[in-house]
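Structure provided below as structure tokens; questions to follow.
Chain lettering (A, B, C and D) follows the sequence in which the chains are written, and residue indices restart at 1 in each chain.
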Amino acid sequence: MTAGLSRELIALRVARELREGMVVNLGIGLPTLVSNFLPPDQQILFQSENGILGYGRISEEEFDPDLINAGGQPVTLAPGASFFDSATSFAMIRGGHIDVAVLGGLEVSEKGDLANWYLPERGGGSIGGAMDLAFGARRVIVAMTHTTADGRPRVRTRCEYPLTAPGVVDLIVTDLAVIKVEPGGLLLTEVAPGVDPDFVQSRTEARLRPSPDLREMEL
Amino acid sequence: MTAGLSRELIALRVARELREGMVVNLGIGLPTLVSNFLPPDQQILFQSENGILGYGRISEEEFDPDLINAGGQPVTLAPGASFFDSATSFAMIRGGHIDVAVLGGLEVSEKGDLANWYLPERGGGSIGGAMDLAFGARRVIVAMTHTTADGRPRVRTRCEYPLTAPGVVDLIVTDLAVIKVEPGGLLLTEVAPGVDPDFVQSRTEARLRPSPDLREMEL
Amino acid sequence: MIDKVFPTPDEALHDVFDGATIMFGGFVTAGTPTNLILALQRRGTKGITGIANNIGLGDKLDVLCEQRQLAKMIATFAIRASGARQSLFEEQYRRGEVELELVPQGTFVERIRAAGAGIGGFLTRTGLGTLVQEGKQIVNVDGVDYLLEKPLRADFALIKAFKADRLGNLVYRGAGRNFNPAMATAADVVIAEVEHLVETGELDPETIGTPGVYVDRVVQCEPVPVRWYG
Amino acid sequence: MIDKVFPTPDEALHDVFDGATIMFGGFVTAGTPTNLILALQRRGTKGITGIANNIGLGDKLDVLCEQRQLAKMIATFAIRASGARQSLFEEQYRRGEVELELVPQGTFVERIRAAGAGIGGFLTRTGLGTLVQEGKQIVNVDGVDYLLEKPLRADFALIKAFKADRLGNLVYRGAGRNFNPAMATAADVVIAEVEHLVETGELDPETIGTPGVYVDRVVQCEPVPVRWYG
């Protein structure tokens, strides 16, 4: 068994996708780690759907109940931050003003369908801002483990869980690989250090087409 | 020929309809005079569709281009005033949060249809906020002269000018009379001092039903 | 002079009736009307349809489940991914004792805004091709499909702001805005809990987040200390 | 560090093309981007579809009629009741040289907001049973008829604010807000004229009316003195 990346390294790899000036929303869970892996001189605007543009790192100071991100975590503010209400926040999200949404995933299909809100085994779930972000962001990156804890592949020919949104995912970053969703299917562009492409395919339900430029992730 | 009320006295009569705590929008023209005839201790909140709630009298001071009412006139602020953008302002108007809109009129029909934006003789017009106010305000009072300068009745069986909104007018205040729009038709409730009800009817195209409580306006 | 101030949360809720539909502002710890929620618990109002972004472990709203005051919730967060610990709401939901309508958060707040703004419905792509689409009309505009979403209003809105004046003008702070300004426009009776009360005329007109026209009652309360449950 | 500041209005308009659809913020004298309008006049761009609340006697926008730069206006105020004096726009409209689409003001700003918010259309009663209804779909929701109104967007938005920082965050003043915040969300390129420029981080996050994400270019200008024409 090949060891995949830690959650932190998945977040680090996602962080490499972000560029100066981008407006980025980080979903709850693994995605929130992404902000820890950005060069401090790079000005990226993190949007939180509860009404902040330009928040900074997780705060270590006294807890301020009115200064939290969408995961309920206390945050600091970056220079140039602003506050707004939820109607304005989702107008921003749904109107296409978010460059990148990094979302967690339960399943992604080869067509870029995303399932990340409903847990059949729990008989319920929570939608939160996930559907709006999935439909509204210009680019959707899903960060997740390649399989469930018991080895069930999350990258599938089609999702079995109820969808968050159909055909919205652009890039999948897992502990094993980086996969691009293209009109023709899934393109395997990077593998984790020491991980064999065949091993990735063996842990994936959908067929992966290896990129001509397939390479090992630089971390 | 009986002399009707001046524009100022029409405005004064309209002002009598307003009560403490009401949110009131005054249309361009004659209606803007209404705010001059309120007791100073009565707290009425004037809303201006360009984004002010709680403006006061017309300002005599140095002109501030960012402190104007919907007619472009410089205004002062009353204590408790607030500013907002046009989307918020029309959400307030269209959402039923304005108690009274006082609008000018070209024609009002016996069904309460209002025409006040299009001038056939000028081959055009301007809608501004009139349609939104006519549809959105809880109560619509039309303040206008009873006839045109050349004697054509403005209170009609049906409007000949293009409508601003159908069936929205609650009360008509003119230089000659106060007329209530009821489901069954028009009820003449008050006449201007010294004006005979028959004279009002002779200057009105629609049939007026005299109220059992018909009286002379108190000014 | 207009004065909308009530002395206590309990008096401000004096006419909240059994079976009422009630909106609750707040996003987790931010802008949550905790004192009003606790007063509603004391009042014991039953059969409530609650409209709130979140009801979960650690949310004050969960206290309304202690005496089964909620008949239904319309929310965006209610059932957690982890089942290690459950909220009272989750327990009651699993036992079929309370109904739940889950709504995407952007649709949730836009439906509330629509109710307050006289919008009869709006078209969104959020939810297309998902369970959210069920039972909803699809409208095609210029070749693109959208879901038609309808307004959402309530009998009461319990909201929270940082400051108020006696006219009901509200000033918010930080991420405490969230759903409060939209909910203030979309309920028959709007009751605001605030940390600071000032005289009318003392608030800067440039900073008012909710104009007083929307607010019926104001109560000044010491904020209830909250702990982050993340 | 991100810096969206341009030295002059003329440079900020460097890529405005003939035939562009352009939004103009402002309500009569308040929040009107006069310096940008004058730069657009100097630039001589032709065939413009203008989207603005008002174009009338005394409005700066009327200068674009001097060299017939406007092909069409979408506006709420354009033709005055009194014919004593006419704007250039009115003269050209009467001669059939410029097209005019009149929109109720609430529908006008809501259409712009919808474009910025990803709303495919919305239902309103404003305009029902009037000329505004012509050519529009009527949608019945729960027994009530509404007009379906569609989003309105532009290639460029020229707006005005009181203050900005280099990131493009804008602070408005008084009734200078009006259409500026909505227009900032609904154009491909948003250019803001401001009276004061500060460094990023100097604006209070509580007071920002338009977050920088919406603004592409900022120009600091002395406001052009205006006179009230009422």
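Simple rule for what comes next: a residue touches a chain if its C-beta (ideal position, glycine included) is under 8 Å from a C-beta of that chain, and two chains touch if they have at least 3 such contacts.
This structure is a prediction, so every number in the text was calculated from the model and none was measured.
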Report summary line: Label-sorted list of chains bordering both subunit A and subunit C is D
Requested in this report: Tally the contacting C-beta pairs at the B-D interface and at the B-C interface, and name the larger one.
Outcome: B-D
Report task. Please flag the chain sitting at the greatest distance from subunit B, going by CA centroids. Result -> A
Requested in this report: For subunit B and subunit D, let me know how many angstrom lie between their CA-based centres, rounded off.
Outcome: 28
Query - Inter-centroid spacing, subunit C versus subunit B (mean Cα positions, whole Å) - result: 36
Query raised in the report: Using CA atom averages as chain centres, what separation in Å is found between subunit A and subunit B?
Result: 56
Report summary line: So, in whole Å, the Cα centroid of subunit C is separated from that of subunit D by 33
Query raised in the report: Which residues belonging to subunit D are in contact with no fewer than two other chains?
Result: 110, 113, 117-119, 124-125, 172-174, 205-206
**Report entry** Sites on subunit A at which at least two other chains make contact
**Finding:** 83-84, 90, 93-94, 135-136
Report task. Using the contact rule from the top, write out all pairs of chains that touch. Result -> A-C, A-D, B-C, B-D, C-D
Query raised in the report: So in the complex, which bits of subunit D are touching subunit B?
Result: 27-32, 53, 76-81, 83, 90, 93-94, 100, 102-107, 109-110, 112-113, 124-132, 162, 172-182, 209, 223, 226-230
Report task. Would you tell me which residues of subunit C are touching subunit B in their complex? Result -> 1-2, 113, 115-119, 165, 167, 169, 185, 200-201, 203, 205-206, 208, 211-214
**Report entry** Partner subunit C, residues of subunit A touching it in the complex
**Finding:** 48-52, 63-68, 70-74, 83-87, 90, 93-94, 118-119, 122-132, 135-136, 162-166
Query - subunit D-facing residues of subunit A, complex - result: 20-21, 23, 43, 45, 47, 53-54, 77, 79-84, 90-97, 135-136
Query raised in the report: Which subunit C residues qualify as touching subunit D in the complex?
Result: 110, 114, 117-125, 139, 141-142, 144, 146, 148, 150, 172-174, 205-207
